[in-house]
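Just below sit the structures, each encoded as structure tokens.
One chain, chain A, appears in both complexes that follow, with chain B as partner in the first and chain C in the second.
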Partner chain A sequence: MTALRPEENAPARIAEAVLLVIALALGMGGMWMVGYSLEDGLPEGFWTYTIVLAALAFTAHIVLRLRAPYADQVILPAVVLLNSVSMAMILRQDLVDIRGANASRHLMWTALGIIVACVVIFVIRDHRSLRRLTYTAMIVGIVLVVLPLIPGLGQEVNGAKIWIYIGGFSLQPAEFAKIAFAVFFAGYLVANRDTLALAGKKFMGLQLPRLRDLGPILIVWAVSLAVLIGEKDLGTSLLFFGLFVGMLYLATDRVGWIVIGLVMFAAGAVVAWSIFSHVQGRVDVWLDPLNAELYDRDFGGSYQIVQGMFAMAYGGMFGAGWGEGYPQYVPFAFSDFIYAALGEELGLTGLLAILLIYLVIVQRGLRHAIGVRDGFGKLLAGGLAFVMALQLFVVVGGITRIIPLTGLTLPFMAQGGSSLLANWIVIALMLRISDAARRPSSLPTRGALADPAPAMVGGGAIEVGGGSPVQAETDAGAGRGATPDDATQIVRGVDR
Partner chain B sequence: MNATLRRLSTIVMVMFLALMVSTTWIQFVSAESLNSDGRNVRTIYSALARDRGPIVVGGEPIVTSVPVDDNYKYLRTYSEGDAGAASVYAPVTGYFAINGTVTGMERYANSYLAGEDDSLWLDRLQNLITGEEAQGSSVELTIDPKVQKAAWDALGDRNGAAVALDPKTGAILAMVSKPSYDPNTLAVHDSAEVTATSEALINDKPQIGTIGGEERFSVYGPTINRTINATFPPGSTFKLLTSAAAIEYDGMTPDTTIPAPNLYRLPGTSTDVQNYGGETCSSTGEMTLKDALAISCNTAFLGLANTVGKDGMQQMFEDFGFTESLDIPMSTSIGAYPGLIGGENDDDSDARIALSGMGQGSVRMTPLQVAMISAAVANDGELMEPYLIDNVRDSDLELVSQTKPSRYKSPFSSSTADALTEMMLSVVTDGSGTGAQIPGVEVAGKTGTAEDDPRSPTLWFTSFAPADDPQVAVAVVLENEGQSTDESTGGALASPIAAQIMQAAIAK
Partner chain C sequence: MSELTFTLLRLGYLVLLWVFVLSAVAVLRRDLAGPRTASSRRRRPELAGPAPAAAPGGGAPRAPQRGGPSRLVVVAGPLTGTTIPLTSSGVLIGRAPSCTLVLDDDYSSSRHARIFPQGGQWFVEDLGSTNGTYIGEERVQGIIPLAPGVGVQIGQSVVELQG
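Then we have the complex of A and B:
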């Protein structure tokens, strides 16, 4: 196969190209309106931003045509839309000199994000190759999580210690750690899920896992609690723990795990709440932000969240319009609180549209997890999609007061290099897996007559044991694949 | 795993649904209360960047938005930038500062001035369709520029306030507060300058005399509207209310004879109160109610309040609505009366009630409230609701709303009103308020000189005229301008001011 020639009969990805044009047009329109609202003319750098964004988007489009022609055609335009709308919002804040808002930096990180995503699609030809990196990923993940705790490297910002500073650049390692953990969990769980699912006693209707199988979950619990306590960040901790519990459930279908996980997290959270005044402050602010005393508190008060609420309320149903809001009153309106700034200028309508676009990306990710044939791919795609949904929930839920506010950022929209870069990598992996899921297979599809006998499927089935494999009623489609992962699915089917 | 993936996708849906609900909650359901939160400056800022409507007095705009070439687009301009003229209207107009402080009519009529009021929905719909920027409505006030000017000039350099009402409608004809300020200095588009100016103004409290070699200052700065947001002991003007209660509840008449001793011992105490300078009200130790009011005999009214009793006095105070705040549309301060203030230090013993009979003790009222006593007497016991906005017109000058006068309270019957009018006439003809006489016009009034320890006494005059067809009711207060508690000082200093205001109102 020649490296740079599209595969024969592969889709031309016309839909993606058309959607990309629409997405870019919306971003351009935003920047155009920002300029005319604030300066009565095109904003400075309008054409630079437009051309660079368009060039990057279509580069990614071409890379997909070459290297993942069957990949989902909606995900890329959806992400480009979010990214270019955020470009307009950050440009808008940059124009009125809001401290910290830096449109050219945002463009630079966007460019880097898309380029790295292209590289990932180019280099990783098959997502299954990542399975070899299971334990490497675990170590990388733990190292990344621990980095901000190293004195001199990590720095406390607004009470949370989730940043590291290297040579003038700041990074939020947790953003990258979530990818590493997703890879690790997928690899670990696909190998051990049967042990986790089958062994153990029943207690009050819940199948409890064996104590020795609890080892890894205890480690993850400890890691996320360490994050919570050491780095004082509920959001990141919730993100990791939620990711693990979610993927554990995906792999084992044991509600017991979720119950245990939630109970353990709740216990950890309560302990943290009772020990740390910082956490107590967050909870107080969450419960009663409009309280005058909390609002006036110099540090750790509710000023930011209340200003965010004011901004969103001012936006109302249809928003004040591009450039007509007051993001200068919302601290970090370009990063942590970009959701509120968008709500002010685009209104409820705009925010619901943005939420729906995220929902499309996540649901597409989950859809391809169902479509892909190997268990590792299913877990990885499901995990990545879920972690994005979870991150959105933690960020938006924090701003809109479903949960206490934390320090995570809105994927693709918040200004911040780590977040952009990491989430573009997530998208690259999602696209890679979707290509595998949608690629026409030479193997029989579900319902078709199985060719190889289940017993010949491979070593995996024997390894995990649990009764003689029967293929007919398995949800994975018996006899469809030839990998060990699929064999484990067959066994799972028996367990039902 | 596909089944769990599908279930997970349902969980994700639920999570997103929660986010959509919470976002809707903030942006739609609770948006109104968040927008009206005092800490939210957005509404004010957006109002600033808009072509705000003018405030009109006597057909002439006194506050306008002038287009300027900066980010705020419009500069709020008061009396065309004339500091002197702007100060005359400052207590009414208030000011609109870029640091988010908005007061007076600018604040309380903001929804009209900004073109955001619900009554302007048709204009807003038009703007939405045509894409035009919303224009503010003009707000025309009830203030009569001649009366306002007369009140301003008559008060001269004294600290105090004057308010004039049309007793038949409740329309406020004049509202002057001194010292005043120039709102233009607070409307400049320089945040630091605004902050510096407003801090200086807040701390620039006028000196109100020297007592015991020590300089005394008013508790109210120049930006406080003394007619509605400052309270003073009403002193002898309160004897009108005491008389009203005695006539209304105890069936007395102006000719009823009441005790007027040289000394009055406050019930339940060993404290004796005498008249000013130990003067004798009556050689017989008793006199008619009418005569007692005319010469403002203190001991007679202490006893009268004691006769009426706590319940009656409180009832009359409440029937005037003095314990409630009015929206004229500015929010007015409430008055204070023993037992109605609340809190641990609210002493409503018989001694305090007796003292209240002459407007001392813990009684405090705003000048507007004192004017409302005269207005109620003038209007046969029907107290009309005071208001400042006459009408509102949209940017096309079409009438949006016109205030219809409405009755506020009926504190007493018209026969009581007649009796009180008769008594108030004698105050001006041959009592303590002869200074308020206007040639050819029957004036009914009441003087007041209130002790305001540790400061000098506060002087009052409240009146209405003409007595047979009342057109104006006024209250004048001279904040701690008295040299002694001699009743004649209130009459001598405050009553001529009231006369000039009434004259301007009647001549119109």
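Then we have the complex of A and C:
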């Protein structure tokens, strides 16, 4: 695949362009309505925001055309939609001078996020090259997790020690550690999954792994507990552990791992609950937020969550409309609680649409995990999609009181540079893998669909990757000059 | 801005949001309804057992559905259960990697046989294979029509068209 030549028969990505226009129109419409509702005129900087967002989105579109022409056409518009709707919401809060809400900074981080994503797509031509970085990624991940604990660098904000401050900028390194760990787990599991999957005894219908294979999961469990204890951050610790257990299940197809993971998580959670007062506080608030004593408590009370509930209740089915809510009464309505602020102004109808858009992104990730031909790519795409779903569940579940509130941010919507930047990198990797998954393969394998005729490559191509389970039982690829990676996928392509 | 205008705009915004969601789903539909792969039908009982060595009408031929057969299924041999969706360009079977259905079978030739549609009818053509292509006991000579449900023996494998 040579550098800048768009490949013959590559899809024209019309669907993506059309969806991008709708997504940008929604962002623009939101800002427009915010302006007319609050100030009876266009909000300050309306055209700047619109033009910058549109330019960035279409830059990304063109980069995809050039560098990943077969990549998924829905992911980018979906993410641009989430990002531009959050742009409107943060601009709206900036206009009423809510402390902390800063639309121009949000725009700056969005721009940086999209540019970095384009660079990732440009530089990483094949996601398999990341596999070489397996253990580097592990070290990077651990360092990132530990950074906030270093005195002087880390700083405690609102009870959680997850921030570092460098030269006036604050970063949440855990967001980036998420990506590093996904790369590490994918590389580690693709090499070791057979031992993890096949060795071990059966017990009550569950295939339990051998004790010595438990090592890595114990280490990750310890790391996530250390995060919980050292940084007092429930959400991140849950995210890392969930990511590992989820990817372990993806790699081995053994329900036993999920059972072990859930048991270990429950045990860790109970221990943390009985030892740490801040965990107890979170649980109390979760169980009984309307308790007057908890509501009035100065720090760690239920004020925020209850205000969030009121906001969503005020929004009702169809929302109060852009600019008609009261985000100033919900603490952190621009970051942690942006979901509640959106619920207030867009209503349940809008929230469900937003959740569905997240669902589409996650579904695309998992779909390409099935479609891509190498084991590492399958695990990486599956892991990244899963961690996004898990993060969404933890955030939305926390705000809607399904689970105790934790300190994670809603991907692409919450104001916060690290989260935006890290999630745009995740999307870049997902797009890169989707390109590999949907690219017509020049490598026919036994029982697989080869291209019926050269002229058909473009049209018939899309389903080729999806058909990979057809690549049946044996060692077909290996004897045909396939790379080792492709051989892996053939063996693993079989469903058990 | 009047109350009414604002309400209309507010609801219109939600409609547009859902238009986006639905059009995204519409783009995905193509993908969701993609070719059914072997994995989903490998467990179907009628495909599980080794098919009778392909007599015309030997196994009960299924009534062809509206629009003719939609897939080619390997019913016997090492690849049993493999399914290939049929396209208008036909299916090339053999050992060569360029074939649509690649057999790893010493008894088949590199370009063994071709199954293709013409004028609403499917045909099978032996491409000069060493060991021949058989329908039942009869060796395929030239191009002959192929009905759905009739097994075609190629090396150790038997393939048939299904609706």
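By definition in this document, the second predicted complex is superposed on the first by the 443 of 496 C-alpha atoms of A that agree within 3 Å, B and C clash if a C-alpha of one lies under 4 Å from a C-alpha of the other, contacts with A are read in each partner's own complex, and residues count from 1 in each chain.
Simple rule for what comes next: contacts are C-beta pairs under 8 Å (C-beta built on N, C-alpha and C of every residue); 3 or more make two chains touch, one makes a residue touch a chain.
From a predicted model like this one, the values you see are computed outputs, not experimental measurements.
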Which superposed partner A:G316 touches (first chain B, second chain C, both, neither): first
Contacts of A:V74 with chain B and chain C, given as first, second, both or neither: second
First, second, both or neither for A:A23, with chain B first and chain C second: second
First, second, both or neither for A:T400, with chain B first and chain C second: first
Which of chain B and chain C A:A272 touches, first, second, both or neither: neither
Touching partner for A:G347 - first (chain B), second (chain C), both, neither: both
Partner chain(s) touched by A:S37 [first = chain B, second = chain C, both, neither]: second
Touched partner set for A:L243, first chain B, second chain C, both or neither: neither
First, second, both or neither for A:V146, with chain B first and chain C second: neither
Common ground on chain A, meaning residues reached by chain C in one complex and by chain B in the other: 347, 363, 367, 476
In the complex, chain C residues that touch chain A: 1, 6-7, 9-11, 13-14, 16-21, 23-25, 27-28, 30-31, 34-35, 37-39, 74, 78-79, 81-85, 87, 89-92, 97-104
Chain A residues touching chain B - in the complex, by the definition given at the top: 246, 249-251, 253, 290, 295, 306, 309-317, 320, 324-326, 329, 343, 347-348, 351-352, 355, 358-359, 362-363, 366-367, 369-370, 375, 378-379, 382, 385-386, 389-390, 392-393, 396-397, 400-402, 475-476, 489, 492
Chain B to chain A touching residues, read off their complex: 1-6, 8-9, 12-13, 15-16, 18-20, 22-28, 30-32, 34-35, 37, 39-43, 45-46
Contact set on chain A toward chain C in their complex: 15, 18-19, 22-23, 25-26, 29-30, 33, 36-37, 40, 73-74, 77-78, 81, 318-319, 321-322, 346-347, 349-350, 353-354, 356-357, 360, 363-364, 367, 443-450, 452-453, 456, 460, 462-463, 466-467, 469-470, 472-474, 476, 479-480, 495
